[in-house]
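Got a structure for you, questions after.
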Amino acid sequence: MLDVKELRAGYGDIEIVHGISLKVLDNQIVAIVGANGAGKSTFIKALMGMIPVKKGTVTFDGQDITSLDTNKICDHGITLIPEGRQLFPQMTVEENLDIGACTPTTRKDRDRKKEEMFELLPRLRERAKQMAGTLSGGEQQMVATARALMSSPKLLVMDEPSWGLAPILVTELFQTIETVRSEGTAVLIIEQNVATTLSIADWGYVFENGNVTMEGAGSELLCDEGLKKAFLGI
Amino acid sequence: VPQTVAPAATEAPTQAAAATETTTTDSADVPVVKIGFVWPLTGNSATIGQQHSDGALMAIEEINANGGIKSMGGAKIEAVVYDSETSPDVGSSRVETLCTKDNVDIIVGCYNSAVTFPASEVAQRYSTPFISMGGVKNEITERGYEWVFRVNNKASYDVAEMLKGVDLCLQASPDTAAAVEADGGLTYALVYESTDWGSDNARIWKEEADKRGWTCVLDEPVTSGQSDMSAQAIKIKKANPDVINFSFYTNDAIVFTKALFANKINPRLGVWSVGGGSQDAAFYKACSPAEYEYSFVQEDWNVSMPYLYDWAAKISEDCYAKNGYYITSFFAQGWTAAKVAIAAIEAAGTNDKEAIRQALVNLDVKLEDCADSHIILTGYPEIKFDQDGQNTFSSGTIIQYQNGVQIGFSPLSAATPGYSPIIPIPDDFATRGSTSKPWGTAPEVK
Amino acid sequence: MNTKEHSNFFQGKVFAILGLLILLIVPNFVDTNVQIVFILILFYALCASCWNIVCGFVGELSLGHAVFLGVGAYISSLLLMDCSLSPWIGMFIAAAITAVFGVIVGLPCFRLHGPYFALTTIALGELIRIFVENNETVFGINLRGAMGLVLKQSGNQFIAFEFANKITYYYVLVALVAVTILVTWLIKNSKLGFYLTAIKSDPDAAESLGIKLTKYKLIAMGISCFLISFAGTFYAQYFRYVGPSRIFSHDMSVQIALIALVGGQGTVFGPLMGACLLVPITEFLSEEFGGTLPGLHLFIYGIVMILVVLYMPRGIFHPVTKLFKSIEAKLFSFGKKSVQKGEK
Amino acid sequence: MGEIIRLEHVSKKFGGLVAVDDFSGEIETGSIVGLIGPNGAGKTTLFNMMSCTYPPTSGKIFYKGVDVTKARTDTMAARGLARTFQVTKPFGDMTVVENFMVGAFLHTKDRATARKQAEEIYDYIGMSCGRDKPANETTTVDRKKLEIGRALATKPELLLLDEVMAGCNPQEKLELVETCRKIQKCGITLVVIEHDIKTIMTLCEKIVILHRGAKLTEGTPEQVANDPRAISAYLGEDYHAGC
Amino acid sequence: MLDSVLLALIYGILQGGAYGAIALGLSVIFGVTRVTNFAHGAMLMLSTFLYYELFTRFGIDPYIGILLVTPVLYLLGMATQKFLITPLLKKERGTTQDPASLLLITLGLGYAISNLFMMIYGSDYKTIPTAASRSYLTVEIGDFLFTTQWSRVIAFLAAFIIGFALWFIINKTELGKKIRAVSQNRDAAAICGVDVYKTYAVAFGLGIAAVAVAGACLSEYYFVQPQVGTLFGTKSFLIVVLGGLGSIPGAILGGLIFGIVESVGAQFITSSASSMLTFILFMIMLFIRPSGLLGKGGKV
């Protein structure tokens, strides 16, 4: 469903991502792993139209979405859980979720979706009326996840969702991801938690200095010796 | 390019005329005389500066159309106009530019006293004659500068005239005078903007009033730029003075006048204005006649001029045709200051600055001799500078609005024949202004 | 910050030196009328540089800095008028008092941030203006209220800070500007400069590193006020008149801030560049159009500001030095290659 | 050795929310203490109070025996307490080394000395992005290291690290663990907040688990790992099983 | 004495409401876009000139003119955002936005607008002599006379109407939710599918539209002149800051405080001293509450 070809992007004059091609098929979990600074987040930003694409194309469900405005890309059914939460600090948790479904098409389902989210993450129901800015780091991450799911996206992009999460929650998070996929949403995930991620991923890409150096089925990659050395510290 | 009215503006018609005949004079031969003007064309007193400018430029146009400076072989006059932005440093820089770059022969300016101070000093330094116009601060001509002259009055003259006007009113209505006396003597309220101009007027008024034994019941400086003066009106009402004296520029004058009227404040000897905003044509467009009915204004010119002299009436008509208003104090000031500058050059017969200065020192123009020269539009009986460079004859008129018409009554020489001040002010708020004529209407001489 | 800017500045050195030479020498050979513009350029450059020392480094926008200019002007002029003290001495007394005044005022103000700070400084400026306009005497000192201070001419005496020709005034300013820029440069490369820049980027982090926010802001404020007071003395002596409605005006404050911002805040030479760009434009437009079409010059001024911001949002300093650098690189590309090799 | 910092019945309320609830404890000079707990347990809040970013609602804090409950952040730094921020706060306009210099200026006025110290720190914590890279162009790990280095530059005796390893991959985490050990060897006391249990278990001598603002348990890594309350509240059965 | 203080209080409240009405737009714009719109006064002035033209050319009363002028100003506001501010924000995308450049650009715009009108209309003071400005609300009980133009009363009421309308839009509508989201985190809003720049433009437009309504009320009792903006501009800033930037009730509250202090204060000290008093009070209040009376705590 997502097909990225030869994407090049960067900040200002500096090119960070040097021609990356990547595919996400229907109902797949695709993982991107790589060292810090490999350009994973930059790739995602370019994909989402948050920084300009220098070269290459992004097609989604057969439509060219290269360099559209971020909100237009969202309209196509891609949502992002950005690096570092990015909530609306002075709005309540509930309002944060509302914004997650604010386009005319998604708004219809809003209340039902919200209920679903509260079921999924009960902590949020407790905090529904609290200002998001005063939540703890982990609570904020939950809000960010729930907010992204509010619009029932076709593709969910997650940039380090386990950042700052307690181990219990990390486990829950990965369960959530599988639940989401089982409901028909494809997932593109960036994670430092390489082992767990690759174990649930259908396909994985390894980024290094803005290039894809390796790709393959999640379980295959897990067994790769070089990878083990580089990321798993074994 | 600074505004150069002269040759370009007036030559067009004359050239057209000349073309049908034959070329008479080679325009390149005609020497040019330059007069520099610095006025507030933006900022708080911009409307006033604009009227000065209108007056001066019309005066120059008139001279140029009538053959220029005769003693210099018909030299054309070129006006160089700058905006002072109502700022002392900009104003004095512009005067410096006039002295150095434009090399003008004489300078006229700058209306605001605060600008005139440093600006006239620059002229003094460059030994260029400077005619102060508008600025009433006493000290302008009290610094011993031989290059600085002032055509118009000092602040102390303004106030003295007004107090004399109040005296006249008391004389005109002995009943009122007796009533005032019975209440323990005359009381007055001073309301003024807290700039040097406003506070100066208030200070001088107080000094003069003390001599007469009058009591100050309210001394109220107001920061300029008010959008409501009800609070001040309440205060005045409580103080209940016999006379209110105010000094405001146009914007505050409008707001103040409206507040007084709304609150039905009616001091028995009237509301007196030092001028400033209430001499501005814009003031009368903004206020209805009912609001300024019966009020007294110290006009810096003789409002009867157009009715007393045909030539002045003609200028007033021309002014209306060109600018959309009849002569105002500011127009007259600009006109006369420009004319004085021209007269000095005419008398000097040369561009030499020292000669022009000498001509100014020796200048002596009487109103009755102005039938052809039209120098004195300000209604002074005479223009002659004392050793300080101050024109000691400069005087304004005290007028009262009666049925919307300006009626002059002090000094007696400028009185509109057949009228006397209406004192005490009638309490006719319900009908006031209903029979008023539009502003600028001439009084019917009885 | 430092290293980068240094290299920038020194790489554009041909132009920098050229520019400074123009500022130093050219005024000798032009009409008085042009000299006036040069004087105004340096005067505003001086004020803007002082503004920059506190606001540019700390990152707060003061829109009331004219107050300190005015206080300096008033004190030195009063000392001259009432105590017959030469402005050369008076200006140091004035500077010291202004600095103390600045610190006292800064103490509460620097608790505020962003727009709150900016607008409080506006209020402060207006307050002082109205206060001086309405009070003839303060603590027994005759301030002469709204009338302002008129300095008498005393003949062209050096001791009285009064000179026959503009060029002398100009060189006095050159000295003052040079001192200010030197001070700015020294600050920028000292502990103080690092601390101020740190405070600007993240006050919380700065505080956790042991930086006393208020203390360093106030030191900067004191230095800024000390120096701007000289500009005040110069203003008073040059125009020989100090009126509260101008020197304490909001317009003056905004003008000072504008020049520094357009030049590039937090840079050593930015304010000077800003003044070199804006002052001639204002002067030229005001002279050309002030008399014929009142308002046009300020209209164009506004448009210029918009354009500068749209195309150079961080001020003209960096783009201009970059431009100079590239021109220079082209002009001297010859000799440069060998130099580069040598460097490596 | 004695304790470097002691908290007595410290509580912090935000409006109605109790973030830290009657917490008491102390930290031995020279040790590495781990502070763990679920999200929102009040770990960062505890750090903020220890570094005097805001005062506790009630309770007292003693640093080296002195009551610092109402002290200010900047004076704490001068007394030898440094911290990092969970959300990194680099001085973006400055280069990496200049960031360190800001810290180093706490003990020197001289620019050259500060620069020298800053460069030493750059080498010491093993950064590789280039000394003169603008701080806002650095990667996540480098930002974390930048935070640590800047804090180190103030020559602290007590260093509070708030999730410096979050967002790092295992390899990088190992590096950081080494760095922490190195720092401890220099005689600096460390308090570390971290969610990665494996890392914290290997690094710390003592672990405190915070739960809903209160101390749930404390002890050596083994004690904690086997504490049933810790397992149910925080570590999860999975983790326990995994061990 | 009591009489006059009571009167002054009423006048002060009326005047304060009018101040609040003018300041509201400023507050909204700041709240959303974090732009301190220094062109606020100029835009107010611009709207009064439009009412003036409508009145003199077509005899349309400003209160009716609102229907025509407000949409125009709304578009103007949107255009300002779109062509001047959005490019700046886009340029600085990712980095924190620099308040200085936004200040400069709005200041420049203010200069340009007010001087453009200076060129076109000159510096004359013009008034719009409508029925409301010429008819008075008078309450006379014995010696006690309260009288004011109806237009001032309407201006006072307008403050609450505009305030309520804005509050409603921002807090109770879907659009408002988006506006608030954008104001708090534009990147996050974008990934939620909100068109950030359009929302900014809408918010800016709303703020300017509110100014246009206030302008109609103002032009009914004050005069029309290119300098009017400077006068009310500065005051609006102080009011908004006093009330708390971005807070709608705060703007009205700030206005009322200013109006009351000016008016009642003048009964005890001179008017110019009471203007000083407002400034002093302003500063004292800020030092006590650094983010304004109703401002949300913390840094802005």
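All chains are identified by letter, namely A, B, C, D and E, in their written order; residue positions are counted from 1 within each chain.
Going forward, contacts are C-beta pairs under 8 Å (C-beta built on N, C-alpha and C of every residue); 3 or more make two chains touch, one makes a residue touch a chain.
Treat the numbers as computed from the prediction; the structure is a model and nothing was measured.
A.B. asks: To get from subunit B to subunit D along touching chains, fewest steps?
C.D. replies: Each step joins two touching chains, and the minimum needed here is 2.
A.B. asks: What's the overlap between the neighbours of subunit A and those of subunit B?
C.D. replies: E
A.B. asks: Starting from the mean Cα coordinates of subunit D and subunit E, work out the distance between those two points in Å.
C.D. replies: That gives a centre separation of 47 Å.
A.B. asks: Taking each chain's centre as the mean of its CA atoms, how far is subunit A from subunit D in angstrom?
C.D. replies: Distance between chain centres: 29 Å.
A.B. asks: Just curious, how far off is subunit E from subunit C if you go by their C-alpha centres, in Å?
C.D. replies: 32
A.B. asks: At which residue positions does subunit B touch at least two other chains?
C.D. replies: Touching at least two other chains: 41-42, 46, 50, 194, 221, 223.
A.B. asks: Multi-chain contacts only, two chains or more: what residues does subunit A have there?
C.D. replies: In subunit A, the residues touching two or more other chains are 11.
A.B. asks: By the touch rule stated above, which residues of subunit C touch at least two different other chains?
C.D. replies: 130, 133-134, 294-295, 297-298
A.B. asks: Under the definition above, what is the set of subunit E residues touching subunit B in their complex?
C.D. replies: Counting only subunit E, the residues touching subunit B are 4, 7-8, 11-12, 14-15, 18, 115, 118, 122-127, 129, 134, 136, 145, 147-149, 152, 222-223, 225, 227, 231-232, 262-264, 266-267, 270-272, 274-275.
A.B. asks: Which residues, counting only subunit C, touch subunit D once they are in their complex?
C.D. replies: 1-4, 189-191, 194-195, 197-198, 200-202, 204-213
A.B. asks: In the complex, go through subunit C and note every residue touching subunit E.
C.D. replies: 61, 108, 111-116, 118-120, 122-124, 126-127, 130-131, 133-134, 250, 254, 258, 261-262, 265, 293-299, 301-306, 308-310, 313-314
A.B. asks: Quick one: in the complex, what on subunit C touches subunit B?
C.D. replies: 31-33, 36, 40, 130, 133-134, 145-148, 150, 152-153, 235, 239-241, 243, 245-246, 251, 283, 286-288, 290-292, 294-295, 297-298
A.B. asks: Give the list of subunit E residues in touch with subunit C in this complex.
C.D. replies: Residue positions touching the partner: 30, 36, 84, 87-88, 91-92, 98-101, 103-105, 107-119, 122-123, 226, 234, 237-238, 241, 245, 270, 272-273, 275-276, 279-280, 282-283, 286-287, 290-292, 299-300.
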